[in-house]
């Protein structure tokens, strides 16, 4: 069931993109992996592409997709979709805008998305887990309890954000319950392979595995638009400039990117730049779009 | 005057996109026009697509292209490329970041771009005028002196911005000279037709009229990326979400958009929304991408 | 044991100060009371000066005095003493200054003061209650449990503040415990009489009832200085301008003021202005300082 | 030249206050001077108390006094009187509050005060110069043209502020004229002696030399209140805490303070702390209030 990493043309392209980056990561003692999943179900990988890591903020993409599928207009009354000039965990913007997070990918926004999913499903973290299991074809994906415990222990900043949102009346469930689901979604362990395959529906204009439509064509486009403008923290402009693809990064070093109509990519390497994005993963995607010419621009 | 507005398939598409919007603008007593220019030189238009208006902030696209072509790395040391959470004419961000504008499309950024062009060419406004004349094939494009005078008369906000940048040492020429060139570039009068044709090089990956390369493929992609993330003031996320194309708006109601690899579009209608973008122009582009499926996502 | 409200000259002065204000409050259907306590133990009152109300933020004065008496230098490493340009419950400043509240009278600052008192005494709310009982000579002062419950129920904003401070490492005890003590100190029920008498040590340069020194002369001066610059929310400049005395207001309509070397005053009336200060209490103190000439300036 | 620096008790007090501070300033190679002027016309000095320096922001006190005397209510519609959480030359607050400076002692506020004086007198800088000449009894006080030229040369920040205010419609005269008067008032050269004597009317509840009333008792109190809450940049709370007097500092190292009902003091030493206040001048005033017990609290 694991995908063949055979030297097809796309596999070649992936290997050439990753070669220098992987060597540099290796020299620095960092791990590195990268995978690409095509629309017709092929998947190729290099390096530690099957090693699982907590997906952290990449979970926000799947949460957003579920919330948009459930009721987009209701969601967008409670969360904006503009890039933020402030850091991903800033409370300033929230105070300026009376509890409406600027977009669904800052922590505040993902907390509201979690609240929306809780109301819609009764189990926000479970709904996200089920989606990635189904779309990746890997039923073994699960929450890492140790990561959840660690998040909860140093969760003061998110608790502050959630209480502030709640104080403005933009939270339905209790702060504790929402944060628990938020933390568990972030603690899902997935590999580059799992993530690239699971996200293929965003490259396939909303159609998931076995041809089941998850999002309308418009909504798939819109999730990609939010990823491009808001997906890489306070460096979304830089990422669009260098890579030119919708992307979403996580603090554990993962970076998911979409080439609409072609493929989904995921790279991973733990060393982060000042904005919180993986140095090697950004470099690998930069190389990939340069070699392939596959940016959206 | 040269372009045939014949009912080709693309012309059809344009007319269908514009029909409802134009009717609504008409009912409201507003003007409306729209043009599309293809990579092979065709141009189609509807409504007042040949009526000239002061292009205002759309001039920032051409200024940026010239500055990037001259010396991108030097430019990006003096201007950022991240979307701004603040209004286009805000001084707050500038103070927070010690005189480095957040991107080239907020006024502060365009003022620094103008300073860069002044140092490079000796005549920033003239260089932009020559570029749009050459690329549009319309040698009659010129600065509207009355618009320049009006801008200068109510130019306190831009003077504040320019002095603040100068105080941080990020301006080479004098404030007065830079603002004069900035105002003159904004006061260039062009039609939807002129703008769509002149911007075709951004859809053609950097190659301008008669096959002359103006920007490297990478730099063309990058200008488009900056347009998508920063081109429509504080509503860039919304524009990416609805339209999904690199775009740049101006306060006189113009809106330029690029479909990479296919065409450049320009719509115009003077009524603005709260964010400063033309209501009808955004709606027409929304309809166009919905009908054509030509968003970048 | 209750103080005689006899027509002494100071009592006269009080009555004249309050007459118009009380009539206006009465006409508006609001309550009003005012008391003055002299250095030699006299106390005079008008209106509902013996009616108890939850002292809310006025408790911050007594908490600050205890914390300064315990260890001022340690306190000032964790809390600033500058006026804030932001509202009393803003999180922006806290984020800008990495968890160090701007002064002890914004909620964030009082939360840190509570944490300091908890570490010093094991019972922060109890220590404040004991101080006001002893200094007012009213052993019946106690926490209003219903007020505590109400505060806790709508305590999201303070929970956000406390978690943010805790996230920056500026809280020793747990958020829940600190907020419980904070809420209980705010819910102490005292009358204008109780408050004026209890605060007399600040007019007596640090010496409390029965001649026991509570604060050094310097520290008493300093607490008064903080009251003048920071005691009336975002209107401290306005209060200094109109009244010219160190003062501290609470959201229930109380307002405590100090005339160093002469007396302590407390006025109460529930209607608040936009800045959160009691309209009638400010007006009565304004009249009092105008009639008496007793401002500090 | 007239004032006897004889060892009266107040002269003694001054010398004891200044001794350690002057020695430290001397050891650091800095100059130091200090003067005190009593209500009955005595003046005492130590160190370089007769050395003239450009008074810089201390001029704002005299400008404010003139504007308040002219029409206080009109002034306060255009300038606030709250302390600012931002630096003295910040534009952020101005943008937040639509061009109304937060108080008359930040640069923005003093620029509006200058505009008010220009409209009232036709010569704002001249009016301030005449006031300090008359009140100090030193007809030789004048503007230092070299200082004006230097200010103008590096005046971008103030130009930005003035244009921003003008853009919001809160300036009557042209930016250039207002800034010229502002710069000239800052460039008045006065000694500690001149400043202490000239400011005595603020200690004398509004009554100037030869018994002429300059300000009503209320307005004198109010100017002192603004000095205490806003007079020492972003360290007004710290100054109130340490010194406890209305004070106003300047970037050239001067520091004026008022003991209402007793005297005016001025200290000078060029080395500044991070907030822009003279290290030695603050220390000398701290020592003076500690030795004398003459704080307002």
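Think of it as A, B, C and D in the order they're written, each chain with its own count starting at 1.
Just so it is clear, a residue touches a chain if its C-beta (ideal position, glycine included) is under 8 Å from a C-beta of that chain, and two chains touch if they have at least 3 such contacts.
Since we're looking at a predicted model, the values are computed, not measured.
Using the contact threshold fixed earlier, the set of chains in contact with both chain B and chain D is empty.
When the partners of chain A are compared with those of chain B, no chain appears in both lists.
Seen from the Cα centre of chain D, the chain whose own Cα centre is farthest off is A. The distance from the centre of chain B to the centre of chain C, with each centre set as the mean of the Cα atoms, comes to 57 Å.
Mean C-alpha positions place chain C and chain D at a centre distance of 32 Å.
Remark: chain A and chain C have CA centroids separated by 49 Å (rounded to whole angstrom). In chain C, no residue touches two or more other chains. If you sketch which chains touch which, the chains form one closed loop in which each chain touches exactly two neighbours.
Chains that are in contact with each other form these pairs: A-B, A-C, B-D, C-D. Contact residues on chain D toward chain C in their complex (touch as defined above): 80-86, 93, 102-103, 217-218, 220-222, 224-226, 228-230, 234-238, 240-241, 244, 246, 260, 290, 293, 295-297. Chain A contributes residues 90-92, 95-96, 154, 156-157, 159-164, 166-167, 175 to its touches with chain C in the complex.
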